[in-house]
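One structure below.
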Amino acid sequence: MDWEYVKYYFNWLTGEIRDFLLVANSPGQKIVLAIVVIALFVGVMALLLWLVDRPRNPRGWLVASVFAGPALVLIGFGLVYPAIRTTQSSFYDRTSSVFVGWDNYVRAFSESEFQIVLRNTALWVFLVPILATAIGLIYAVLVDRTRFEKLAKTLVFMPMAISMVGASIIWKFVYDYRQASSPQTGLLNQVLVWIGIEPQQFILSQPWNNFFLIVVMIWIQTGFAMTILSASIRAIPEDIIEAGRLDGLSGIGMFRHITVPSIRPALIVVLTTIAMATLKVFDIVRTMTGGNFGTSVVANEFYTQSFRYNDKGLGATLAVILFVLVIPLVVYNVRQMRKVEEIR
Amino acid sequence: MRIKNARGAIALTAGASLALVLSACAPPMDEEPGGTDTGTDTGTTEPTGDVAEGCEDYAVYGDLSGKTVTVYTSIVEVEQVDQEESYDKFEECTGAKIEYEGSREFEAQLLVRVESGSAPDIAYLPQPGLLNTIVNDFPDAIVPASAGTEANVDQFFSPSWKEYGTVNDTFYAAPLGANMKSFVWYNPSIFTEKGYAVPTTWDEMLALTDQIAADYPDSKPWCAGIESGDATGWPATDWIEDVVLRASGPEVYDQWVAHEIPFNDPAIKSAFDVADDILRDEARVNGGFGNVATIAITPWTDGGLPILPAGDDDPQCFLHRAANFYQNNWPEGTNVAEDGDVFAFYLPSIDGESSPVLGGGEFVAAFRDAPEVAAFQEFLSSDTWANEKARVTEGGGWVTANNGLDLNNLATDFDKLAAGVLGDPNSVIRFDASDLMPAAVGAGSFWREMTAWFAEGKDTQAVLDAIEASWP
Amino acid sequence: MTTSTPPVTAAPTKAGVQTRATKLRKRLSNPWASLAAVVIAILWTIPTVGLLITSFRPEVDITRNGWWNVLKFWERPTLTLANYDQALFGGQTSLANYFVNTLVVTLPSVVIPISLALLAAYAFAWIDFKGRDILFVAVFALQIVPIQVTLIPLLTQYNQWGLSGTFWPVWLSHSMFALPLAIFLLHNFMKDIPPSLVEAARVDGAGHVKIFFRVLMPLLVPAIASFAIFQFLWVWNDLLVSLTFAGGRPNVAPLTVRIAEMVGTRGSDWFLLSAGAFISMIVPVIVFLSLQRYFVRGMMAGSVKG
């Protein structure tokens, strides 16, 4: 009898909790839910940390598993498992039902325009990280400690805050082409007209159109480079700067001998991160040319095959090609890590 | 603030010239008066005894209180508002709840949802090709059309529309809205001023083209734009399809769609040449934008805008082939009427005798086997819904091929004309070919190669060979 | 400031920093440097300014000539709020509803991955365990997995757990997708911290948890702030994850879903996006401005000596 009572209330309580956590309808409920979820999360993590922080608990793996475990579980479920499945489907046909061996890879590489796609991807992944990082670094140094620092940084940061759809419209108003006799709607062509040159069809002129698309990605990513690099420039210890100054360094000398070496690890991080993002990006190509006019990249082909043609096998294969393209980056980073280890 | 509705709400006067061209195939206005019972319903549910007032037409669906049907579509606001409003009465009379969700990412998202087991109850598929993919790739997910739906479609739609919703001899999806693509937009006041007549044969149209070119040396007769983000190229495929339908005839068209003749068949090549004659002639295109290549980079939404002159200037362009839904593209305040700022005439056939029409539309597919889902699918294929939808679409811009629709319920004369053609059993209607072909062609190489045809001036034979080679 | 003076660090006096800063400012600012900065700033801003001006132009003008024609004030250009009016009030559901959803999606999706990544980064940087380096390289390389390949496997799971249509799949997914980059970034920032600091604390008998919170966290504020900004932005501007895992119904759909649909079924109202883009940009820019004060200068000053 008593037991039934307890069971009833237990069920009622768990039901209520479940409903609260899953169903939120009014704005107030939703916000409360978000806060409760954050609090729950913090609470659970705090409890775990408190548990392993007993004195005399030197076992590294236990502490490590509490620190890194939750993250690794999420990554394993959300990324590793899908990545393995993707690799698997790359050896199957378009509906993932018949094993076809390397056929998809042969198909991917034998497509008539695939060489252009690979060439474009290489262009992107080479130019975007280097230029975005270089410009972001120079800009961060130039505006550092100036009166307008906040405003100046916000201006370059803004492209990051604009959604992809917004960005595609912004650049439409830069590259748009109208015949010479009509008023131009694209800024770049208007500039050409002002200085007396015929307007150009920027989006059509192969292979230069690739560079015009790459500019968009650089425009977006420079804000990322600037923000991260600026944070690490600010973290350069004052005494190092002071030492450089005493050695008679200033301006470019300071930049080369103090700033760049001090933030070298951050530079590598930024370069790598932008390179990864560039390999994956397809929205720019997709919205601006749809992959036409010889501008497609591997990520765009992957998207088209997977979601437009519903060809699981070929789509997965292109994703695997992306995985492979990242190996040089991984190797480079591992080498850099080793170097840092050795210095220590 | 519903711009589009306000825009379309302009009263239209009868499009006399269009009516002349189409009068042969316009159905009598009172053929199927709105509001009659669907009659032949085999009935998935028993009608209840007492029917609330105004709910007589909904009695066949029975009592669905407490039931919910989720609907997933590519139709978003502003059109979404009218869509949802047209279900109000169904919800009120049956007690069912319709949960509507529209998304512009519909096509990719639907497949993701179907594959991961969270398909909506009902989806409006904008292409029969997508239906084909779903039936073949996920046969367990989709449910054949309910008996009541099939009965409605047999009664209210021509057999070819039913055919588009059929895969492997099973009927899955009933037509919903439709569009009529064989229109040429023009500027009526210029036509009146210059005494141009609306052409009724292809040759007359070419003669008019030359006439305009001679009268307006600073403009071009035609304009076009096929840029559409990641779907760039589709407006060009519509152009070609309209010409194939005219130059080679409906039989060849059907064989071409079904791949019974290769894509690079000489019959198709000759149709391309007819289109080539207008679309790749520097003297005839691309008014307001520049040379032929600009067709590839001009947004399709902008493609016809040079027809509207800026101030007192001459228009930059005079003719623009686009579907009935292009009327939503004219800027706010444009008078779409036979004596207004813009209007459209029927893209003439080669001989001027036959009247082939290129059409498109959505199809209602069900993904859950339940009475309420079946009932809602049946409702959407009925004359009751068609008339209700026409009634609530006060701004116009919506038509259907359902011949149970009373054309008087449509808001604008332009819509009445389009619907008249689509609903007429005598019209030679063919569905948009690229929507019927496999996605790798119909949403892939066909688009891509047409874009290269304009952008790079790619040789026609090379274009045809490339598309043929890509056929899976 | 959230942090008090770090225990082991001897922060330089404010006055000292200022004098040094002033000296440096003098040295660094020469006319060419200023010119270069101004040129970059202008180049990066003009496209956005173009969109901003466009968002106030009537539809007809937008397609007829360029936005700079507005600057010809003597021709009396027309400006209108119609685009904003339509973007803000044109939908069936009020925009405020989508704002709330975005906020509810964003907060946990920023806090959870950053906390988890901080802990994991600490483990990879300062705890010795077997296979640490290989595991770290694997995590870092996983940045390349495109979100698109994860959609179907994840959604299938969420459905089985009965989570679809709630905020949970969105929170979980955003957290998962952010982790590799977050761990990579924060790990490298942590590695920058002089080992002597950590050693000193260890000698004092501090455990990992204490070292993490007392020694490292205060030094990592700029790194956390900069990553937080980007994670916030990605979540704020995300369309795909929300659309797939939460669906587009007004109850859960974020702002981006609404904005993407402003263009209408056939994309004919694309000019409304100019207004939409600015409406959705306001919050990220405010966040950027307000987080900037956490990019604290000289936090690690003096620490290297220790």
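Chains: A, B and C, in written order; residue numbering restarts at 1 for each.
Convention: a residue touches a chain if its C-beta (ideal position, glycine included) is under 8 Å from a C-beta of that chain, and two chains touch if they have at least 3 such contacts.
Computed from a predicted structure; not experimentally measured.
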item	value
Chain of greatest Cα-centre distance to subunit A	B
Top-ranked pair of chains - ranking by C-beta pairs in contact	A-C
Centre-to-centre distance between subunit B and subunit A (centres being mean Cα positions), rounded to whole Å	39
Centre-to-centre distance between subunit C and subunit A (centres being mean Cα positions), rounded to whole Å	11
CA centroid of subunit B to CA centroid of subunit C, Å	42
In subunit A, residues with contacts to at least two other chains	307
Per-residue overlap in subunit B, given as positions that touch at least 2 other chains	112, 228-229
Residues within subunit C bordering two or more other chains	63-64, 153, 239, 260, 270
Subunit C to subunit B touching residues, read off their complex	58-60, 63-64, 85-86, 89-92, 151-153, 155-156, 159-160, 164, 239-240, 243-244, 247-249, 257, 260-270
Residues of subunit B touching subunit C in the complex	1-4, 74-81, 84, 99, 101-105, 109, 112-113, 115-118, 228-229, 299, 301-302, 305, 310, 325, 328-329, 331-332
Contact footprint of subunit A on subunit B as seen in their complex	107-108, 111-112, 133, 137, 218, 228-233, 288-291, 293-294, 296-297, 316, 439-440, 443-444, 447-448, 451-452, 455-456, 466
Parts of subunit A lying in touch with subunit B, wherever the complex brings them together	95, 112, 168, 177-182, 201, 203-204, 286-293, 304, 307-311
Residue ranges of subunit A in contact with subunit C within the complex	21-25, 27, 30-31, 33-35, 37-38, 41-42, 45, 49-50, 52-53, 55, 57, 60-61, 63-64, 66-68, 70-72, 74-75, 77-83, 85-86, 135, 138-139, 141-146, 150, 152-166, 169-171, 173-174, 183-187, 190, 219, 222, 224, 227-228, 230-232, 234-235, 237-242, 245, 250-251, 254, 265-266, 268-269, 272-273, 276, 279-280, 299, 302-303, 306-307, 316, 319, 322-323, 325-326, 330, 333-334, 337, 340, 344
